[in-house]
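As structure tokens, here come the structures.
Across the two complexes that follow, chain A remains constant while its partner is chain B and subsequently chain C.
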Partner chain A sequence: MLSALQNPRYAAAQLLNFGLILSTAFMMWKGLSVISDSPSPIVVVLSGSMEPAFQRGDLLFLWNRNWMEETKVGEIVVYNVKGKDIPIVHRVVRKFGIGSKAKLLTKGDNNLADDTELYARGQDFLVREDIIGSVVAYIPFVGYVTIMLSEHPWLKTVMLGLMGLMVVLQRE
Partner chain B sequence: MHSSVVRVQNVFGFFTTVCFAVAAFIALSDYYSPRTPSATLAVKDIQVVRGRPHYYSTKKEEYAHIRFSLSSDLSTLFTWNTKQVFVYVSASWPDASAPNKTAHVNEAVIWDTIITSPSADHLQNIGPAAMKKLLKSAKGNAIDPSRGKLELKNQKPKYQITAPSGNVANIENVVLKLHYNVQPWVGILTWTPQMDILRWKQVKGGVSKAFKLPAIKVKEEKKKAAK
Partner chain C sequence: MASQEKVSVYNLADLKNTTDDALPNYLNSLSFTQSHTLSDMRLAIGYTAFAICAATFYWDYTYGFESTKLYTAAAVAVYTLLNGILTFWIFYVEKGSVYIGTLKTGEKISVTSEISKFKPVYRLRVTTWASKDAVGVTRKVEREFKDWFDGKGQFVALPFQQMLASSVALIGKCDPQRVVSKEVEKEKVEDNKTMDEKWASLLAESTGVEASETTPVKGKKRSKK
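Here is the complex of A and B:
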């Protein structure tokens, strides 16, 4: 018991190990970000507006490069509205023009009306710049942990406590 | 070495590895099943009317109502990994002021529908009576390819289309196209392919003849008053 406290060399090794895990995760995230050219290459679905395709907690992989063709009607894109933090996952239903100035309109499959109401004041359309990626792959439910953590902050404390306990209890 | 914590860690690690391996296998199995969709799409009645984008708006815009007939067989899109197929019909037209006058740079969805696999029926956002009917329609089947067969006659559009300029009357060379988006239970999302990819073929047909949007329909009373 409490071997970590008795052996400083061991404690330092544990700490380094923990740092290594953290930095590996961070590098993988940033690496994926560079490959997909998206500031947030993996997103968790937060609302039911794309049901039944996506439920809350599903994991989406984004791709933000237009190698073969432009972002077009029918694609499911994640966009940020100016002045709002929450990214929205909806489908492009109209596109007028081509290139970076093309006007895009989005709509959630499960919503009756299109997204004009969600956009910033005076904004009727999105442009390519507002989009942070198109959905290319899907894993169900895995992201639900993050929703749980953000909705029940006490879980964070519990998890941190458990992790700390594990580090202390571990023998080798 | 063999503390209970380590054992729990190992079991959990093995569990996630197995989960991801099974998921990867299911996702890859998509490429094995052939996709040979076909469709015929025909324009029926077209009207262009003036209206407002919403009730409190003072802006007047032109809206095109395009009725169409669709007969399609998308049954090969339904496999064990299909959660839903999103089917949509879009109208596209060129921009007369653009450098390339023939490229269809404008596109708008006029109709769409979600066809769920029986395994995803319970997720649909529909009323209790419709849900009961839907669940009953595929009782005992995990896959129901017959749902991919659509027969729409003189279908009303779900969305009336307009353009940022507010003018859509007299636009020429408009084409309707059928598209689909297969949503898997796990794996890669796929859209209507632009070319044949291994076992996945392009949609056979699924494009209407080019047509012209008519001039604005004037209300009967106004016509009489003008006389």
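Here is the complex of A and C:
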């Protein structure tokens, strides 16, 4: 166990085990990003604005390539508003024009009004490149862990610390 | 040192790791020079992969996803390849290698170890080369861990070293003091048997009746009733 740390090669190997677990997780995430062409291919629903389709904590899988057809009305998309970091999951309800310049309007199924209020100042519509992906699959509720973690940040520290300790002390 | 540490005797992985750690210590204490090429190669591959991941993280964090997409795709491909090589290296090149070392006289030794999941048996494959160009001779040694762990899980060096010295000729040559010849072991076993017999006869003498005679007497009594 701890004695392994006295030999530099063992220490390096233990550290590598830990590093490879982290880096493999990161690279799998990036691989998924590259395949789906989306900077964030998996997102967690944070609000109830798309109920009853999605609840808080649902895990969504995104696809950001227009292979067969363009993004169309009725599709549920995730977009980023300029200047805001939180991605929003809403449905496309209006579309004017075609191609990358098409003007898109979105609205949450559970909201009374469309999203013009949510957009950045002076922005009345979205274009294709604002969108980071269309929802193609979802798993209910499993994302709730991340909501817990972001609402109670100290849980993150505790979890990371425990994981690190386990990997360093275990050897198999 | 690992040898001073207690392990759970029910934890096979601990038993194996402690023994794996003790083996290089012993062989290095003889005149072997250990070669670290295999493990260094593994570390090099692993840390290269990790460095690529760290670089990807850096450019993704500072320049965003869109502008670095192509680099990220390339990095993911290279990382996957390196990880594949690493897996191949561990399973097909290292194959559980514990020690590779040479003597100044040119002899070479390579030791790999493995265990099966629920059997407390340490399985060694020892290959020795008499000189640089000689063909290697492989010997398999299988011993139970109880031979060199006591009941409390303490590693006992002497029997382990004797086991190695007496089952591998090259090690025995370097450490003749620890060679236990098989004849001595056999004699010990024979001695044990005679001791049992002696004990039995002693018992018989003290009770006055031999064990084999008592049972038929009881049987006769029952049959009469």
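By definition in this document, the second predicted complex is superposed on the first by the 150 of 172 C-alpha atoms of A that agree within 3 Å, B and C clash if a C-alpha of one lies under 4 Å from a C-alpha of the other, contacts with A are read in each partner's own complex, and residues count from 1 in each chain.
The rule we apply is simple: a residue touches a chain if its C-beta (ideal position, glycine included) is under 8 Å from a C-beta of that chain, and two chains touch if they have at least 3 such contacts.
Note that this is a predicted model, so its numbers are computed, not measured.
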| item | value |
| --- | --- |
| Touched partner set for A:93, first chain B, second chain C, both or neither | first |
| First (chain B), second (chain C), both or neither touched by A:85 | neither |
| Chain B versus chain C as contact partner of A:151, first or second or both or neither | neither |
| Contacts of A:30 with chain B and chain C, given as first, second, both or neither | second |
| Which of chain B and chain C A:72 touches, first, second, both or neither | first |
| Partner contacting more residues of chain A (chain B vs chain C) | B |
| Chain A positions touched by chain B in one structure and by chain C in the second | 171-172 |
| Touching residues (chain side chain A, partner chain C) in the complex | 1, 3-4, 9, 12-13, 16, 19-20, 22-24, 26-27, 30-31, 33-34, 37, 39, 171-172 |
| Touch list for chain A against partner chain B, complex | 51-53, 55, 69, 72-76, 91, 93-98, 102-103, 109-110, 116, 124-125, 135-140, 166, 169-172 |
| For the chain C and chain A complex, residues of the former touching the latter | 1-2, 5, 13, 17, 21, 36, 39-40, 42-43, 46-47, 49-50, 53-54, 56-57, 60, 64-66, 69, 72-73, 75-76, 79-80, 83 |
| For the chain B and chain A complex, residues of the former touching the latter | 1, 3, 5-6, 23, 53, 83-84, 86, 88, 90, 95, 98, 103, 105-109, 112, 114, 116, 120, 123-125, 159, 161, 163-164, 179, 181, 183-189, 191-192, 194 |
